[in-house]
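What follows is a single structure, and I will ask about it in a moment.
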Amino acid sequence: MIKVLFFAALRERLHCDQYTAHCATPTTVESLLLHLQQHNEQWQQALSGTELLCAINQTMVSHSAEVVAGDEVAFFPPVTGG
Amino acid sequence: MIKVLFFAALRERLHCDQYTAHCATPTTVESLLLHLQQHNEQWQQALSGTELLCAINQTMVSHSAEVVAGDEVAFFPPVTGG
Amino acid sequence: MTVFVAVQTDDFCQASEYDELRRNAGCGAIVTFCGLVRDLQSTTLSGMTLEHYPGMTEKALKDIAYKAKSRWELGAVHIIHRVGYLKPNAQIVFVGVASAHRAAAFSACEFIMDYLKNQAPFWKKEHTTEAEYWVASKDSDKVALARWEH
Amino acid sequence: MTVFVAVQTDDFCQASEYDELRRNAGCGAIVTFCGLVRDLQSTTLSGMTLEHYPGMTEKALKDIAYKAKSRWELGAVHIIHRVGYLKPNAQIVFVGVASAHRAAAFSACEFIMDYLKNQAPFWKKEHTTEAEYWVASKDSDKVALARWEH
């Protein structure tokens, strides 16, 4: 079980703040994205952008990072604070 | 007639804030310094330092700058404000 | 080094932060940055909503502060970032750095802002009288960050 | 661009200057620098006297502000420098810059301080419990200035 969070424009496109993924673990961010893309066509499109950022347990990671059961994985667009 | 001002450590070494120089004009900062150095041995030493800065009419200038009658010429050590 | 980080909906007081930073003995140089809500692209900006990733924002800001500390000799770093709905002219972000050295204070403050702009999980949505839209990230922010990566 | 320059014996209020700088429409980035009297070399500093060249200091600070304006897009520049006798922890100098762009505000504020340190006619005399001496100029300030001369 992996807790998945979405923020900002991505959250709005998916109409979803939080999702619980039940995929085999350990996995990678890339594989998790492929799993999520199967949800529907809108998710497929929104989650295949090259600019998508990812954090595991609130630390920024690359898409090749490992994901284990119990992780909190967040996806979001490039940040625009400050 | 040239109004000459001295500041900070230089002012203290010369025991003088302000001096009226009666030398031929137009002249240069370099020539004015030579004129002032004739005052006494202490002035000779204090006014021959290479780090001496000069301003004519409140604008920083090099020692080759021209000085005309009525100018306000200031000499001072490197600045240390801020 | 003192590190103070806050993510809050309430406004902050620049003067109080400055007074705190002044209290650091041995730090004769204090540099502050403040970012405000401004209407730069249109003349119809009615406000802005700052979304964030609760928990990660505080962590990211602390990480950035300690990253700055590892590069420069600093006495104190304060970072405050607001979230929620903000009107034009409102304060968004404060970064304040106290150091014994002026160059370190300037560099660290700019470094923190450049990292914050690229790595802290905040997102701006601008509201105009006609529409609302997510602010796009700027290439100039990536370029600013790249300067520090050596 | 608004340029405000003051050379004064009285203390200044950093908060008032910041509030003034905030009023510049279109300027979303405000960077401030404050320099304080600190005891860096000894533990016996009892105070400091700032001597200046009246008239020329104001002129030099204005020149520096306009020099910054010619290099960056700025909304406002405030420079205040105190003179006379100052105790430890006292404020010496304030430089505040408002701009639409964060990089411009940071660069201009540091540029102004680097020029001020090298070209504005102020001199510091430190008083310790044992002696008093004129502060020597620092090579690091010349190096800092040289960075801008291109």
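Details
A, B, C and D are the chain letters, set down in written order, and residue numbers restart from 1 in every chain.
We take it that contacts are C-beta pairs under 8 Å (C-beta built on N, C-alpha and C of every residue); 3 or more make two chains touch, one makes a residue touch a chain.
Small disclaimer: the values here were computed from a predicted structure and weren't measured.
Considered apart from chain C, the assembly falls into separate touching groups, namely A | B, D. Under the contact definition stated at the top, no chain borders both chain A and chain C. Here the CA centre of chain A is 72 Å from the CA centre of chain B.
The distance from the centre of chain B to the centre of chain D, with each centre set as the mean of the Cα atoms, comes to 26 Å. Centroid to centroid, with C-alpha atoms defining each point, chain B and chain C lie 48 Å apart.
Residue positions 82 of chain A are each in touch with at least two other chains. Annotation for chain C: residues 35, 102, 113 touch two or more other chains.
All chain pairs in contact, by the document's touch criterion: A-C, B-D, C-D.
By the touch rule above, chain B contacts chain D in their complex via residues 5, 7-9, 55, 58-60, 74, 76-82. Residues of chain C touching chain A in their complex: 35, 50-53, 55-56, 59-60, 81, 92-93, 113, 116-125, 134-137. Those residues of chain D that touch chain C in the complex are listed here as 14-15, 18, 22, 25-40, 89, 100, 102-103, 105-106, 109-110, 113, 140, 144.
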